[in-house]
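Going in written order, the chains are labelled A, B, C and D, and every chain counts its residues from 1.
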């Protein structure tokens, strides 16, 4: 069994890591930290883990993270860049579920995240952990930047179109919708159920941090600079992301579904569906899957991609475990074989 | 008091008409029909109306609709075109909340609705009941085609941009989201709460009937033919529509909010908000309002409009009452002064 | 127009007062305070009130509350007992929507609310504002303690049974369920939609403050001491309270529905329904109504009462307006005539 | 691998069996029937199973169910009693997830289910499949009657109290709450999201079929006849049952939690929690667990039990798999080791 650590275990990505790793045949969480809950048993703080996790939260300053084979940072932005260097130096691999190492362009990162970067050299070294794009690099990586939730859904929806040079890159629309768990577990009036239940709205319309992440990933991955407008929306549900993506096709009559099917043929976690099937967030709930369709409605020259993921799994903890499996030489799908919980 | 009839009173638009007219100072529902519930007291079928409605449902064949000043059709598509002609002949004004008279182009209508039109001459006569576009024509109309829910939200969001010639009409994206009451009250597996609760999806991506309605309305209203891609989505909530609309600006630096504010300056039911405020469906719940913002995120040349309505009010029964008020010479806002129910 | 003040206008009971009073024909809010939002326009903080409220929040220390005819306290527990005395001295009537004056027994109050009472004399003077029990006393009152939400639903469900001496008072079960708006608008992890959405639980099972309130009200109102077990539950919805109440009948064969119908015959806001009709929270959404049924299932000697209210209306702001109307000699139903918003 | 058949695979209990058995190490579904969907691939009808189920639905008349080791009936009431006899005769074991064999008293069964029983002898033979009560009998059974969802939650909550003779059996209150998936997947106006979303109500207050099931099970299991009042409620969520149970204690001062803990000490799927922990339906979502607390609030002599299950797992398909494991001599927990999906 490989030995795993989690820094910041009381947020939703942390508890989702615990859920997934509880069923992992070759990895075991040995250390989990939480400043606020240090000393408490995990199963008392997160009762859904009763009987499945015997650990107690440890203070991050004392926790023996250096003894782990791999450490996940399930922390707010800005933490991993401070603490990862020491771990890496002692030979521990690191997957950061926050945004510290996702964007290579430091100036862009510092503008969107509002802080100076503490470890610029590691930004360069870090591998962007989208296995469908960077699988081989992830295998050898010491440090993986786990992608954002929207970027996962949207990048997977655009990659085949851009790689096959099928769309105009200059004006792409990505209309994203997320369940509320995407906003994390911090006390906030704006995320109370009485505020967001039974209502729907866009947010961050003027600009969202995931936009530069998508732009850079696709520019580095396909060599094409994008003109992308991304608007996220908040859905009155707990889990799930749907993105509907609109792009102008360069030529008519292409069998888009085949292009996608071929691109993702050997991918264990991308399911290209026939265009007639519904693309529902519940069809991936609890799983590491991205399900997709693509079509050109009424032959109007506009490709419409629908892409769904579970924001806490393929959009966070599941993809992190997929990256962990690759980094540690384990079977890529280990611990990730649950069937979607629907209804 | 003017005397009002409702054909088809047990669906959501019918019961919403009853809710709104229960508080109308100058109009009273005298006749309400329902084939299925004929003979039953309205308040027994719709308990929320107990104490507020003493009527019983009547059989449509016997009901004295001809004695009403105005009759609303809250029926499935295809009913009003059969029954409205006789009522109009006997001097009754008619507002159809279904789609029978919304589209002038009969060939388009027949293709999208899958039936032959029974009253082509009335299609020509009917006025499309969007007061913000056709107020004067509505005042004189015998027959008003009440707009669809998505078309109301989207048309109001595009009108100022097209009228002021600010956007390229050839490639507009309208990403619509609706609560489940928009699908009506028919028994259907696909609308069970266990199917659509806690999940999100697009539907009718290959083509939705509201697209030709929007296209024609804006073409007739602004003289510009649109290239419009419209994708509707189902939100796990009961009421509300949000549309996020994307269009390429023809020139930079226009104060878009001012353009909208000026266009809708004297409109009682369009609220142009500062771009920084959230555009939430709950902020219009139960009201006849359309709230809107418009902005050009990051000066990228793309206008983004957010538009919300209550699908059962401004998107159906409320707009129908607004049209009724205009047709009967009553104050336009009579019966429509509720404040949004939020939270 | 009478002149109204609201202390603490940004919580849910405060904004609901604004919603209801916006449509009141004889009362106008002239002053509204909020420490946190002082100086801001109400309509900027609560956008659903755009166009319906021109006030700005004022600092509580400076606000001219003394010029009002009546002031509502929509504040946390412990505020009204500090500030109401001065207002009362200057001739302003006061309705407290919090719990400061709800319980006559000071020792009980201080134990459950964890503070010393600042105005014991006013506790004695205050009238418990349940019009169905204390209408005449409310008319003459300077100070009204507006009942809690659960107590309103449960007390109305038990009153007819106790007054007619139909049930054993010694072992009553009240199983209450509330939407999340009942917990208020404070930032709290436990009320995030990601925590309480799509889940159901009981809370405060060991004891809830509303239990002594119900006990005392019914003891004072009927002369019978209760043995009451009350367990509240949190429902993943925004508004609404349902209580299912179980009590042992003293004798068989009583027409319980008639007893209730007679007791509430002239009550404008209690609707005793036939036992066969569903008692849904949505059937009172946005209204000041309590809808009830009572039955003895399978003649087993147990009375089962179902009672629903909108926790923010009959359970808070609506009942407060009803009390205001009585105190100021206005028609009891003024401003409270909305029809339930369903679906 | 044992070979499994499912009759009626398109309802929620059928698809949940597929979800659970997809991960079962020693059992494989070989045959699945559906009259309506015969010939269609399972993964086309239930897209969440894409990649995890290669079967097609077969016509029940032709399907080779006789070749299976065990067949689940996930059918409406009245089907298994017709079809199970032939299967049993050919040596196939049967688990009925419907109610055909749950109640020994035929007169009671026929009154509540409104039909004549087609296989009275099998009613006598059938074992009520609550492992916590009947584990040994289940091991040897040819035919298991899988318990209802409410009966599972409530029976487990009452068993320790009755077995230890701690409560008066004559007046027990069980207030049950269920997510909407409990009502199944049939098209029905009353279960539309627009009808049941954002609302709460009791139903079947005059009498529910699960009441005689609970009564008989506990009478047979403990020798005590119950006076039980059971009222079910519908919660606006998809999955989950919570029951709050009230019973009069015979004597004070008993450590109730210890009694429960001891009773369920070796049970893999009953989790007796400390009384201070919240008993949330989400804490068992997707799992076969029943989580419970018991307490005597304020020493009033009333025991209050909170019990939660996932209605589709421990309340249906999961318990059926647990029974299957016992009947086939497999490890009792095989295929049932998922961690709860929360949030």
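Annotations for the structure displayed:
Please note the rule applied: a contact is a pair of C-beta atoms (placed from the backbone, for glycine too) under 8 Å apart; a residue touches a chain by one contact, two chains touch by 3 or more.
Here the structure is a predicted model, which means the values were calculated and not measured.
Listed here as common contacts of chain A and chain B: C, D.
With centres computed as the average of Cα coordinates, no chain lies farther from chain D than B.
Averaged C-alpha coordinates put the centre of chain A at 36 Å from the centre of chain D. A separation of 45 Å divides the Cα centre of chain B from that of chain D. Per-chain CA centroids place chain C at a distance of 39 Å from chain D.
Among the residues of chain D, those touching two or more other chains are numbered 12, 179, 181, 194-195, 197-198, 236-239, 278, 280, 282, 285, 342-343.
Across the interface of their complex, chain A is touched by residues 12, 15, 18-19, 22-23, 44, 46-52, 181, 197-198, 238-239, 271, 273, 277-278, 280, 282-286, 291, 312, 337-343 of chain D.
Chain C meets chain A in the complex at residues 12, 179-181, 183, 185-189, 191-198, 236-238. Chain A meets chain B in the complex at residues 171, 173, 175, 177, 179, 194-195, 197-203, 205-207, 227, 229, 231, 233, 235-240, 242, 244, 246, 248, 275, 278-282, 285, 293, 295, 297-298, 300, 302, 304, 306, 308, 342-343.
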